[in-house]
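These are the structures, in structure tokens.
Below, subunit A partners subunit B and then partners subunit C, in two separate complexes.
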Partner chain A sequence: MSRISWLTAICATIFASTTPLNAEPAPAPPPFAGFYQPQGVDEIGWWREDDESERRLAASPLVIRDEKLSGYLKEVLCRAVGDDRCNATRIYVMREPTFNATMSFNGTMRVFSGLLLRMRNEAELAAVLGHEFGHFESRHGLNRFKAARTGTDVLAWGALLASMGPSYDTRRTYQSMEISVYGNLYRYGRDHEREADLLGLGYLNKSSLAPQAASHVWQNLMGEIEASAVAKGLKKPKFNAIAFTASHPPHGERAAYLTALASPDSSTRDYGAQRYGETLAEWLPTFLDDQIKLNDFGGSEYIIANLAKDGWTATLWNARGELYRTRGNQRDLVHAVQFYSNAIALDDSLAIAHRGLGLSLFKTGERTRGQQALARYLELAPDSDDAKMIQMMLPQETPL
Partner chain B sequence: MNARFFRGGALAVFMSLACAMTPANAHKLRETGQTFVVADSDVTVTPSRDWNRLNGKVGKRTETWTLDGEQLNDITFFGGIRAGDPLVKERSKKHEPLPKFTSSTLLVEVPELLEGTYRTYKELAAFRLLSVEPGSFLGSEGVYFTYEFTDVDQLTRKGEARAAIIEGRLYMVTFDAPRLHYFDRTVADFRTLVDTAKLR
Partner chain C sequence: MKQGFELEANSGKRILVFRPSVSVGSQSTGGMFEPNAEWTETAKSNIQVALTDLQARLGNEVIVAPEAYGEDALVVEEHMALFAAVSQAVIDYQFFVGNRLPTKKRDNKADVFDWSLGDGVSDLPGADQADYGLFIFNKDAYGSTGRKILQVVALLGPGVAVKSGEHVGYAGLIDLRTGDLLWLNADAAMGGDVREVDGSEKRVRQLLEDFPGSDIGEE
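Here is the complex of A and B:
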């Protein structure tokens, strides 16, 4: 073989090792190994730490204690990864407004409420839960810990040896090694994410849900990030650039390979949008409120519009009204009045919409109409937290 | 030899400067019975017990007082926030903007403004307004409100605040303390202190 073809072969090998996913649909997951117990001193130690952390988590004020909701999440996980596998984990829903879910060594899965707000159907949720389960099944946490320990050991010894020969060359070599080791550790982490994506899609391809949803999750997230950046007047984010310290592959790459990994003949499968919507209905106003109050106008607007693709509801119109009233420019208030009115047209008993409508009208100078709306709010919610305050606004403004 | 002397000299100068600067930068005791101007504003208070004024500021025109440290009891004075300004200093104006007090903000919306600021700054969702009531503050009509939130340290804190909008500026005092023990222990002292607040 010529030198060039050798080089090509080496490059191909390197490329293949950094991008383990090809364009084929994800293969079925390996047979389930059964009930797993930690092996070796590292893993036993980590599981012990995690057990302690899980005990604290179970008593945390941030955990949403709703049996119906956590039961449903467990059901979705079981539907995604299979009944034999899903019993190895416990799911905790955290009241955190950001997009995230984590999996720890011993099978404790934390799902943030911000993630639940962004999912539009059961298949999307199943894709994220399956990905997290993939981390657990492949023991990624432990492998990463071991890699980090080995890497930092190498650096510590390297520093010691480098200090024995204090020349510019030694210093430079050590610095190169430092960059190389850290770069490899981050890349190793990203490869774990790719592997978990592959496994996650493997589960989904085998399940009764549509695996195409996995890619939708990332497409929506990119849409949200871009909308948020545009509203803040920032540059359009690059979705394919990998930062040196990036913990995950870029969203663009993930969206692309997740589409390729989804088995094409399963696109007609159920997405479970109705089941998801019904279960989340009770929590949706709370999660929307949590998002709106984060002061991310573009992101929130995108999320609301995305949820409204299946039809606008009074809750969604009201949320949009709240979003515009919170930003509070005069032009926003005019829109807010419209959105609250739309919400009231769909559901006149939605007290919070009457409140928002009344306050927005007040601020746009339409006091009489504002008072009427606030009076209706008090009629619907006489015991609300701010009833006395609103009550006081009415007689004061009436003579005007 | 010269270089070493120079380094030693520089160190000595730095140390003496640091010592000389310490009293000016340190937290200050706010003694009982004296009247103090707070938050570089025209608001004065007369404490009926000793408090510590912390040196650090969370934002322009703010001042923080405490007994046991700001994690355990934190009184923050907001002395006249102007329209267009956030309550506390933004970490990044561009990337993480905070909600702003505006000239059209209504008194009943002030609790929402504080709520939005806490939620955005701390990235939390577990925040609940408990009550919002009319009251008098700095001789004007104002709003009294209470709230509860769980911070990232997983400790649930309670808060009580009074605010008024006077001549287009927001004046507010907040008291935050862990719900367990600390809030109930000091809330009466907070109320006594806020009752003495006056506009000069």
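Here is the complex of A and C:
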């Protein structure tokens, strides 16, 4: 019995490490220590595992292979963390419509396309890339592995000892130890996130971009989550509550401390919204399409409205039309027709808008106008995948 | 093994070996995998040597698949993943009786082995130089000292059995013309310490023990 309480005490101290966050701007990052090579059997082992996995990733169909896009991301990373540091990692853009980016042991950074859709300028992207780089520079992956190993080791012995004295009390002590070990592991992970945020802001304060953007990322995400919940008729999410298994600090907390960590005199710096918009323009229709297919009406509507803040484009009207048409209630189709028409008014050569318009009109009973729109679609995109199917919806010419 | 497939001993076939997936490490006291790069590298080269050796004894020539670039690399990667998925399906649904895919029920009853990666394999780099393709997968976790102590104490104390170490391996042979899976061997408890030359030979021998046209398993 006493031995078990003693073990509980150990594991409580093993993970007792928190990053103090005060209201000061984040300090400059430590001087660049040169290219890092893994050290010790664990780190070398994980890097090798990671090298194999990266080799597979490089040939994965999920990766978007666009030199312009990946070149730009690399450029933004270099602008964020500095030219000396940025060569230590490789960025892969994954075609995956959710908001995420990850960093692994050996410096493989995966950036999801859903993240790129949600960023509104270069500074926001730089904030996320800088955060991920912070994980790499602080070797968080390795530390977390070691912590998890220590934790599970302790639990293995704890379980063994508990099974040797099978009374109600030992059982209960073991269970509370289990909860405390896992709770500490999750908290340890969240502290890593806070530490990476601190480092990320350190880079950003030193860079030429506005560090205030880091907080905007989270404010924007909270806006989206709320919009999504509202559209589903759910309660407003709590942005400051920490769940037991939460991997990251709550969005509200992050938004608040990231504002405090940004150096106040740099708020007039460049956000790079135009550069960002221009580079992403080519991919925007694809990313929007992926987002719409997530079937998150409120969230998608929020993202589209956000992108349209600087003015509606044909792509955005079309995306909104697609969003309404795919939800597909009769009331939605009426709006979809309007949105597609707006898109066409701005750019008549946007084939996909004519398609959406035609299909929506068919469903609202305006067959003739629908056929006109579909005919225009086939005229603009005769080789599209669905050309034959659309052809069947048009009035058939009598064969000669 | 696929019915009707026979590989005569000493028939001088060329076998293309795809980059073997080898991962060696230890198992922590709590049961986590701790990769060890040095063991992995040693095991990899040991396995390669043992493979060439044993295939030569069978009268087959081993060709290492060339490094692929660009589009080729994507195709190779896709086929590696496809092989992993197909062989997992074979292990789950054909090797273990009672766990059947509805579409494979009749095959299983008649003991038919009919799986394929599709004829796309003939376009893999190096496929034109060889008759068969060989895929190899190995994952080894050796029980750490802590795990072994835990194992012993658990057995002596409350009499609980704790597993120490994990040794999974499988190997599969495909026809590089049709993509048909000709032979698959899978074992979740392989022998042979791949960190040693002798152990690797034992491991490869076990993997190839009923390789078509083989008599090496009996040694």
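Here is the rule we use: the second predicted complex is superposed on the first by the 376 of 400 C-alpha atoms of A that agree within 3 Å, B and C clash if a C-alpha of one lies under 4 Å from a C-alpha of the other, contacts with A are read in each partner's own complex, and residues count from 1 in each chain.
As a convention for this text, a contact is a pair of C-beta atoms (placed from the backbone, for glycine too) under 8 Å apart; a residue touches a chain by one contact, two chains touch by 3 or more.
Remember, it's a predicted structure, so these values are computed and weren't measured experimentally.
Participant: In the superposed arrangement, does A:113 touch subunit B (first), subunit C (second), both or neither?
Facilitator: first
Participant: Check the residue A:392 against both partner chains and state whether it touches subunit B (first), subunit C (second), both, or neither.
Facilitator: Only subunit B is touched by A:392; subunit C is not.
Participant: Which partner chains sit in contact with A:233 here, subunit B, subunit C, both or neither? Use first/second/both/neither.
Facilitator: After superposing on A, A:233 lies in contact with subunit B but is clear of subunit C.
Participant: What is the contact status of A:294 with respect to subunit B (first) and subunit C (second): first, second, both, or neither?
Facilitator: A:294 contacts subunit B only, not subunit C.
Participant: Quick check on the superposed pair: does A:98 touch subunit B, subunit C, both, or neither? Answer first, second, both or neither.
Facilitator: first
Participant: Examine A:47 and indicate which partner it touches, taking first as subunit B and second as subunit C; both and neither are also allowed.
Facilitator: second
Participant: Touching A:157, do we find subunit B (first), subunit C (second), both, or neither?
Facilitator: second
Participant: Could you look at A:309 and tell me whether it touches subunit B, subunit C, both or neither (first, second, both, neither)?
Facilitator: A:309 sits against neither subunit B nor subunit C.
Participant: Who does A:148 touch here: subunit B (first), subunit C (second), both, or neither?
Facilitator: In the superposed model, A:148 contacts subunit C only, not subunit B.
Participant: Can you pull the subunit A residues that subunit B and subunit C both touch?
Facilitator: Dual-contact residues (subunit A): 60-61.
Participant: Touching subunit A in the complex: which residues of subunit C?
Facilitator: Listed in rising order, the residues are 21, 23, 25, 28-32, 34-38, 40-41, 68, 73-74, 76-78, 80-81, 146, 150, 153-154, 157-158, 160.
Participant: Which stretch or stretches of subunit A touch subunit C in the complex?
Facilitator: Its residues touching subunit C are 41-42, 44-49, 52, 56, 58-61, 145, 148-149, 151-157, 160, 163-164.
Participant: Using the touch definition up top, name the residues of subunit A that touch subunit B in the complex.
Facilitator: So the residues of subunit A touching subunit B come out as 60-62, 95-98, 113-114, 232-234, 290, 293-295, 326, 328, 330, 333, 359, 362-363, 385-386, 388-390, 392-393.
Participant: So in the complex, which bits of subunit B are touching subunit A?
Facilitator: 94-95, 97-99, 102, 104-109, 111-112, 115-116, 119-120, 123-127, 129-134, 143, 150, 154, 156
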